Amino acid sequence: MSDTVRIGVVGLGRLGRRHAENLARRIAGATLVAAASPVAEERAWAERALNGVATYAGLTELLRHPDLDAVWLVTPTSLHADQVIEAVEAGKHVFCEKPLALDPADCDRAIAAAAGRPEQIVMVGFMRRFDPAYAEAKRLIDEGALGDIVAIRCVSEDPIDPDGFFVRFAPTSGGVFLDCCIHDIDLVRWMLDGVGFSAVAAVGSRIVTPALADCGDVDTASACVAFAGGTIADFYVTRTSHRGYEAAMTIVGSKATLEVGRAIPKLPLTLEQAGRRSVAGQGDFFERFGEAFLLEARAFVAAVRNGGPTPLGLGDAREATRLACAMRAALKVG
Amino acid sequence: MSDTVRIGVVGLGRLGRRHAENLARRIAGATLVAAASPVAEERAWAERALNGVATYAGLTELLRHPDLDAVWLVTPTSLHADQVIEAVEAGKHVFCEKPLALDPADCDRAIAAAAGRPEQIVMVGFMRRFDPAYAEAKRLIDEGALGDIVAIRCVSEDPIDPDGFFVRFAPTSGGVFLDCCIHDIDLVRWMLDGVGFSAVAAVGSRIVTPALADCGDVDTASACVAFAGGTIADFYVTRTSHRGYEAAMTIVGSKATLEVGRAIPKLPLTLEQAGRRSVAGQGDFFERFGEAFLLEARAFVAAVRNGGPTPLGLGDAREATRLACAMRAALKVG
Amino acid sequence: MSDTVRIGVVGLGRLGRRHAENLARRIAGATLVAAASPVAEERAWAERALNGVATYAGLTELLRHPDLDAVWLVTPTSLHADQVIEAVEAGKHVFCEKPLALDPADCDRAIAAAAGRPEQIVMVGFMRRFDPAYAEAKRLIDEGALGDIVAIRCVSEDPIDPDGFFVRFAPTSGGVFLDCCIHDIDLVRWMLDGVGFSAVAAVGSRIVTPALADCGDVDTASACVAFAGGTIADFYVTRTSHRGYEAAMTIVGSKATLEVGRAIPKLPLTLEQAGRRSVAGQGDFFERFGEAFLLEARAFVAAVRNGGPTPLGLGDAREATRLACAMRAALKVG
Amino acid sequence: MSDTVRIGVVGLGRLGRRHAENLARRIAGATLVAAASPVAEERAWAERALNGVATYAGLTELLRHPDLDAVWLVTPTSLHADQVIEAVEAGKHVFCEKPLALDPADCDRAIAAAAGRPEQIVMVGFMRRFDPAYAEAKRLIDEGALGDIVAIRCVSEDPIDPDGFFVRFAPTSGGVFLDCCIHDIDLVRWMLDGVGFSAVAAVGSRIVTPALADCGDVDTASACVAFAGGTIADFYVTRTSHRGYEAAMTIVGSKATLEVGRAIPKLPLTLEQAGRRSVAGQGDFFERFGEAFLLEARAFVAAVRNGGPTPLGLGDAREATRLACAMRAALKVG
């Protein structure tokens, strides 16, 4: 392999475009050589915006690009497992956006494919693990600063979306647990070193978005989980936040408690007017995790160049999917 | 009845002493005339500290005090129902500390006794309803400022107690849901105008206090509930807080979200030292709800003087007990 | 003297009414027996609201009230010195609202009168010293927790007043330094144990309230002072705050820094709406210092009953006036 | 000129190294071709860390580098004026770190040199203007959202430095006003569109660092300024902060007040332990203004490529020096 990792991105939607720009400009040691999308305008955008990168209609075509080292999958979740398998079997390193798949069985197929190729890096993109605040929290737990972990409380909020875009997206996304809460599920498992769960419950509301009933989804949910070691966790997730984008976690230990990422302002600006002080929240996950997306990409590239280890492998991604599915199965709506 | 309400307090423990001092000095329109406790030192304290108030060994004796208008019960929870009934049948107005009882059947007995005495005020002391912040939240909901209520998230924390006093207290207190979480349960029901619940789940941890296993209790728990109207609620409750005493609630509406009472400092003082800024939390429920205890007592006294209505009746208290019992029954420990 | 201190209040305006109610109802050991005001409606209010207290047209008449122990002056500042002298010479204990007078010479006359009557308590009402947060700051300084005091930074803000009431009040109030900033001046001198100042400068703005030019006043000012021991202080004071009432202080020591009273919310409520989080500020000094007014009154009453010492004497009040006058003299407007 | 701006950096100290890395890797449209320092180890570092950039012992030598477009001065402040003149006369675009010089006369010499070369960009590095929060504040002022500007309050704090490094640095840095406060001076002038000042006062303390007396400097100072339009400003600056690095500003308008950059945490992490909540502050100006340094460099490069205009010219830098000198002249120590 050349010293520079040659990457092809697949999927140029909301998030794919962002990954493509990062890989093209901001990741030393990597170069973006190809991009794929079935949509002509997306390919036209890539040619224009990404220094004349080669474009293809799909993964199969992109895999034939000469000297390609790695594939970066940012396609709809329902395609992930098959595309991981196809790319792995074509001998490529693979980065795949979260979640790996919508059920454990699909994850297992991808795991089986990767198992035969231990020299290829196959990583799933739970980028929050690369955020400096969550990473520091993990470090503090590991060094014992918090003591035993008693409880972890998670909050993930998407700004309220009056267009209801996510309603159309819901059926293929897997619903609020598999699409949103999955980040916190992965983080909790990471913080707890992968301990297994022993009880799961969840309640949800679709008062704001009744149309979600069609696919059994909710816009706001609360789940609680008991883990084998005696730790509990709860997960609040909503698509109808008035505060803006929010990703927060409270880690309660026997010695100390750590609150991560709560109510981060868009900018450090407080407005005082009419007797009130106010602060704007963040707009979306790009604002909150822009740096984490870069660090995640650098970690993948470093793993490829160093021949491993994988920063975040398929086994963990499978377990996250399994717990999210358990939440979905447990969901009660009032 | 004289214009001033003559009150006898029963129970002079941790909280009873405080109620007695309030009634003796800070409630216009009321006068503390008697106090009861089986403990001689507690009676001696009352004689010394409360202007020579008459003291008795128990409720039965105190009820014979001449011209007594009302009884204020601050006794162990297991005695509440029977004492309410005895005092009601003696023709007294009754204030009873929360919770009314540890199961709905006991509540029903008290309700039956009170039903025959509509002219007597019988009130339960969920003092948080009288806190100006929670009261303002209720007002904003009622005027529609938050829209439909999608979710309510509750936090109640007691400071970590290295002596484990509460462990000895646990068997008779009813456990973490009936003793602590009950406040939030009452508040959520109040905010939602008493709507019924349709699903309940709970997980708990006793990593910090394994001795609680003996009575099936936990020191930290997370419960979630779905209500008939489609609202969800979650309840986090702990006896091992590192932050201090905390009572907080986030009310998520379709139009706006309101956060009540979060991380109130002991004093408005921030210390900067060694590159960190720090703030002390509150020490106990007296610090947080000192004013609410006064307002609650004033509301009782006003109801007695005005001939009603009861600010917070036995029916609500019964439903709070019922939901807390459902949480306890649902509790899973990992 | 009887065991209960019999007090007559003089001045029933904005603040006098509040003091009168406190003395009538909330100060154990004191009883309000008389109230004076030249305004008939104010006297009528007192008779109605204060349990049939005796009323008089002025101080001279009130001093003839039988068995009066103490006089509580809440009159316009320009009257303070003469009224203190008259009351002291009539043999009464005296509480006088801040500032003692608008120039040091008037203060000296009051001091001379009081000097001959050491057995009478003569106290000035800088109530912020009795606020638990400022008091705790003083305690921390005294115990050495902050090290040497390098700088003190003060902020006093009155909510913007569209009616410009304070403009009419400005000529007799002495202006922004003598009327508002005087609280912080007293606090800084207290924190620094009364050390003398060696340099004073001030700048001011009347962009919002040009009418203040008539009496040489400003609505917003910033002053800085060097003290003999090497500490510096700055004072920001405004009558046009958008945040609400604010009284804050940052005490910078060689070991640690303490921030007192910053941005205290009206209630512990955060509203999330339209992507912003907002909190209401406090409305006026009653909200912020309600408890301090009570503690100040209790301290006066205790001093009277114990035969001293005076909690806050005329000497300190004179020095505060002297520094405020120096700021006014130094004021530059751009 | 080629499409890519070829830049030589002069000075590879604390800040120069950072600028060099940015120019070498993070600024599209620019390339770092040369670096100069009289210190051999610094040159060795540059060769190693900056992709084999050419190195020189000083500006004069570096100016002979072939095809150099621009010079980036990060040398001791006392050298700035002469080096700007030398580079300008060599026909180069110039970026010069703040402050331009330690007195207005030196600034004037640089201005005169640049005046004859209007086609060359000559920019001074007040990077805070490029920080998104300060920039948004400027935008809000310009669109009238704050109304007329009544007062601006500035805070700049460096973490307390037990080694007293800055004491040795003080004589050549120009002291606390010219070295630190100069950022806020420039910002205030920018916010106020360059209006002139009419009064200046300052007090300072060296309780923590008495050794500063040798060069007439202080570690903590407070200055206040009246401007021609009626606005006032105050400036607090310290080298002995317990909070960490801090750059904050409160802009008080007739319609609203805006607080910029206050108490930004190092990471969004709150630790709860022993009844206190605490947050770590930022460590230095790199943490706070890392992005601003990049945006500033991009603005310079864009101006060079577009043929102007200069983002931040010598005239403004001269006026900032003039006001800082006025503060130093006015300084009183208690």
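For clarity, chains are labelled A, B, C and D in written order, and residue numbers in each chain start from 1.
By our rule, a contact is a pair of C-beta atoms (placed from the backbone, for glycine too) under 8 Å apart; a residue touches a chain by one contact, two chains touch by 3 or more.
Protein identities per chain, from UniProt: A, B, C, D = Myo-inositol 2-dehydrogenase/D-chiro-inositol 1-dehydrogenase.
Since the structure is predicted, the reported quantities are computational estimates derived from the model, not experimental observations.
Contact with chain B and chain C alike is made by A, D.
A count of C-beta contacts for the chain pairs A-C and A-D puts A-D on top.
Distance from the centre of chain C peaks at A, each centre being the average of the chain's Cα atoms. Put simply, the C-alpha centre of chain A and that of chain C have 57 angstrom between them.
Between chain C and chain D the centroid-to-centroid distance comes to 42 Å (mean Cα coordinates, whole Å). A straight line joining the Cα centres of chain A and chain D is 39 Å long.
Multi-chain contact residues of chain A, defined as those touching 2 or more other chains: 241-243, 255-257, 272-273.
Taken together, the chain A residues at the contact with chain C in this complex read 159, 241-244, 263, 272-281, 283.
Looking at the complex, you find that chain A touches chain D at residues 25, 28, 132-133, 136-137, 255-262, 264, 267-273. Residues 148-151, 153, 197-199, 201-208, 219-234, 236, 238, 240-243, 252, 254-257, 330, 332-334 of chain B touch chain A in their complex.
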